[in-house]
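Chains here go by letter, A, B and C, matching the order in which they are written, and residues are numbered from 1 within each.
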Amino acid sequence: MSASDLTSESPSFDITSASHQLHRAPFEGRALKSGFLTGLTWIMAVLASVPLFSVIYMLLIEGGSRLDWEAITALPPSAFEMGGGFGNAIIGTLIMVGIATLISVPIGLFAAIYLAILDPDSKLAQTARFLAKVLTGFPSILAGVFVYAAMVVTMKSYSALAGGVALAVLMLPTIVLAAEQAMTTVPKKMKDAAFGMGCTRAQVIWQVVLPTGMPGILTGVMLAVAGAAGESAPLLFTALFSNYFLSSLTEPTASLSILIFNFSGMPYDNQIELAWAASLVLVLIVLVLNITARFIGRQKF
Amino acid sequence: MNAIAETAAVEAAPTTTFGNTVMDCQVQKIFYGDFLAVRDSHLPIEKNKIIGFIGPSGCGKSTVLRSLNRMNDLIPVFRFEGKVTYHGQDIYDKKVDPVVVRRYIGMVFQQPNPFSMSIYDNVAFGLRLNRFKGNMDERVEKALNGAALWNEVKDKLKNSGLSLSGGQQQRLCIARAIATEPDVLLMDEPCSALDPIATRKVEELMLELKENYTIAIVTHNMQQAMRVADTTAFMGVDISQGSRTGYLVEMGATQRIFEDPQEELTRKYVRGEFS
Amino acid sequence: MLGEPWHRIISITSTDPDRSPARHPGGDYALDRGFRGIAWTSAALILALVAYIIVEIGGKALPAIAEYGFGFLTSTTWNVQEGHFGILPEIWGTLYSSLLALILGGVFGITIAIFLTQDFLPSRLAVVFRTIIELLAAIPSVVFGLWGIYVLIPMLRPAANWLHEEFGVVPFFGTSLSGPGLAPAALVLAIMILPTVASISVDALRQIPYKVKEAAYGMGTTRWEAILKVMLPTAGSGILAALVLGFGRALGETMALAMLIGNSNQISLSLFAPANTLAALLASNFPEAGEVEVQALMYAALALLAITLVVNIVGLAAMKFATRKFEAER
């Protein structure tokens, strides 16, 4: 082959020259560009991990120094008061996340069973699946607005219940989609084997599909719980806040995230320190849930 | 990679001498991790000839072929010991850029793999990569003609390469490979995903292409090797060491390999006694 | 098969043989029916929930829609005493901050996706790095807000004020950064959407069959030529989906913005000026709003709902398109 069109334009990749030179030219433009882009990618990757480490560092330094028994058990201090803590906020967060889990897990699980097994290609299943995906991108503050309109206005009070429902709205799509995914990955031959032994649908689902898909389902649930624990926007005007320990589910309730929000803007060092300490506790809760979820998810059947 | 530049001639080298050798592949050992995939094989490749690699599955014929343009570098655990010279230079030399190697030594794969772009852009891809500034349309047409595809696609060059049938896709990949006019064309079971009619077309194409290119083809189909290859290399599997290691059993003119093999193993294989 | 994605092997849609339940004893049959009914109701609840959300927010916004009409979307005042309400500055701030975050978070997110999928790291390190990026997504918004106030803003301020003094004529640097403002808000927003963009882009890049990568290297591309000329265009619609969904997430993000953007009812090009977003407006005004203001806030919530719904549906459509493309190719 002797057409030499390539020769004049790109001397370093002269395909047709007699020498058939294979050596790389170190300062050739293409090699330089490749090296430059690789370097840039590494720099950007390192940069992207800086915020996480910076946040964790600050939490440990600022929050860790204030984290003691009083901080996690006492009530929030008022403006010029020293000491205090966020015991009621920890309890409030746990209670509201608990309410949200109690509501969203059964509904989410049954909906996922419908989507994954009972009638995956029906109109209802397709629509529900699509809307669940849309809801995962739903701004969390709008869950708060919705529950405010639907519950707070009618009950005429901010409450832990309203906060829990708002969090449930946000957890539901995550649980549905994760559980559906987990159940569809159960091998068909397992289900066939169970049907072959004369099981009803309910029995197959209950005794084969759910246990086999359980790691995936649990992962989804725990990730949803972790997300809900860290949420603040939907609680702002559903649970509001309270400076006291919870005595009833129908009254305003404190939460860690709202406490951080309120204290972060205050001009008092004591409150700001507590905001960092509360952040540390919140991040610990979220990360422990998150990492446990990953650990469970890794166990394959 | 662990190329050893000063490799002594491999012992099992066939005695036949070849003139006008473009590439000379002397494998000592090819590893994937700890697994010895191929050992002791000497395969000279002559200019403007088609060399066919045949042998039972797992004999390492694709591995050897992919070592000829360093495609195996994509696999992190791959390790090559030996020497592959191209016009006298060892392509596994430390100073050699595998990217440049692949521009001289093109490749067509088992599965047709056009890019998700137009037919025209697929063919022009390599030319643009080389900053070709001549008449692009002309070169694209030439390459598509060379791949016997021009008449079928000349009115739809803007269509996606993926819209073509399997056989057409494979010929598009050949056009893409020859557009930059490489020196050697490696084909890794290029017809295994094609129907008989498309296979026939690709085979005819190979016979035409050999006037300008040197072709090495891996095939699992002995009839195909008989139809197109000038030289045939038969590779076998050695299971004596407990794992399956491929090696060159014998190599020679295609007619001789099929009609008068020197080795018992070759005789059995070409008679279809095992596969 | 080399490079064969595992999910191809196990993504079997379950279509169980429809067995006649009548063969089973009566009790089981009723149980089966009841079970099915509960599942059906739960699935239908998702539809009902979305409908209820739209009706509830829309209904509560009706008085404000009747009162202010479309002028609400183009008016710039928010005055409770005089009853003038308009959300143009908030729409501007929402779009501006999200766009800035998208540019930054998008560039970083796609780069990270390339970094994770194109053999830059040994697979074990890639898993570690991917976990770091995913944990970034787990940090609560309000913690990022706190970090923004006490770490990011003090860090940005000298640089911002230098830019303002030296290049103040450029509209983007038209003001100094006195505290909260658009730049820190957009930066935190970028950090928050980075994991979304990265993980969807990773999936898009992983969907590309191994043979495409082989073809690129076989043509003699360098690694970056393969990435830029083959891999990214091939994953194009999936990456588009990543960007759109990341944008959607940025539009609706609330707490970090409410803490960092300054909640100021103005329209400015300056990166260092305080601004406001729809979500932040809701967060800061809702708790203490009276009846009339709540109606106006409901109208603002409806606007936010409409914007995010449209963006998310576009993103999901792009994602579906991307997945289909590869299914067809196989």
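The working rule: a residue touches a chain if its C-beta (ideal position, glycine included) is under 8 Å from a C-beta of that chain, and two chains touch if they have at least 3 such contacts.
According to UniProt, the chain labels map to these proteins: A = Phosphate transport system permease protein PstA; B = Phosphate ABC transporter ATP-binding protein.
All of these numbers come straight from a predicted model, not from anything done at the bench.
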| request: Could you compare the number of C-beta pairs in contact for B-C with that for A-C and name the larger? | output: A-C
| request: Quick one: point me to the chain whose Cα centre is farthest from that of subunit A. | output: B
| message | Just the number, please: Cα centre separation of subunit B and subunit C in whole Å. | response | 47
| message | Averaging over Cα atoms per chain, report the distance between subunit A and subunit C in Å. | response | 13
| request: Name the residues of subunit B that each touch 2 or more other chains. | output: 99-101, 103, 180
| query | Which subunit A residues touch at least two other chains? | reply | 31
| message | Residues touching two or more other chains, restricted to subunit C: which are they? | response | 222, 225
| said: Considering only the defined contacts, which subunit A positions touch subunit B in the complex? | reply: 1, 3, 5-6, 9-10, 13, 15-16, 19-24, 31
| subunit A residues within the subunit C interface of the complex | 30-31, 33-34, 37-38, 40-42, 44-45, 47-49, 51-52, 54-55, 58-59, 62, 106-111, 113-121, 124-125, 127-128, 130-135, 137-142, 144-146, 148-150, 153, 169, 172-173, 176, 183-188, 191-192, 195, 198, 200-205, 226-227, 229-233, 236-237, 240, 257, 260-261, 264-265, 272, 275-276, 279, 282-283, 286-287, 290, 294
| remark: In the complex, the residues of subunit C that touch subunit A are 10-17, 19, 21, 24, 28-29, 31-32, 35-36, 38-47, 49-50, 52-53, 56-57, 59-60, 107-108, 111-112, 114-115, 120, 129, 131-133, 135-136, 138-147, 149-151, 191, 194, 222-225, 245, 248-249, 251-255, 258-259, 279, 282-283, 286-287, 297-298, 301, 304-305, 308-309, 311-313, 315-316
| Complex interface listing, subunit C residues touching subunit B | 2, 119, 122, 209, 211-222, 225, 229-230, 233-234, 325, 328-329
| query | So in the complex, which bits of subunit B are touching subunit C? | reply | 69, 71, 74-76, 99-103, 106-107, 109, 111, 113-117, 125-126, 129, 162, 173, 176-177, 180
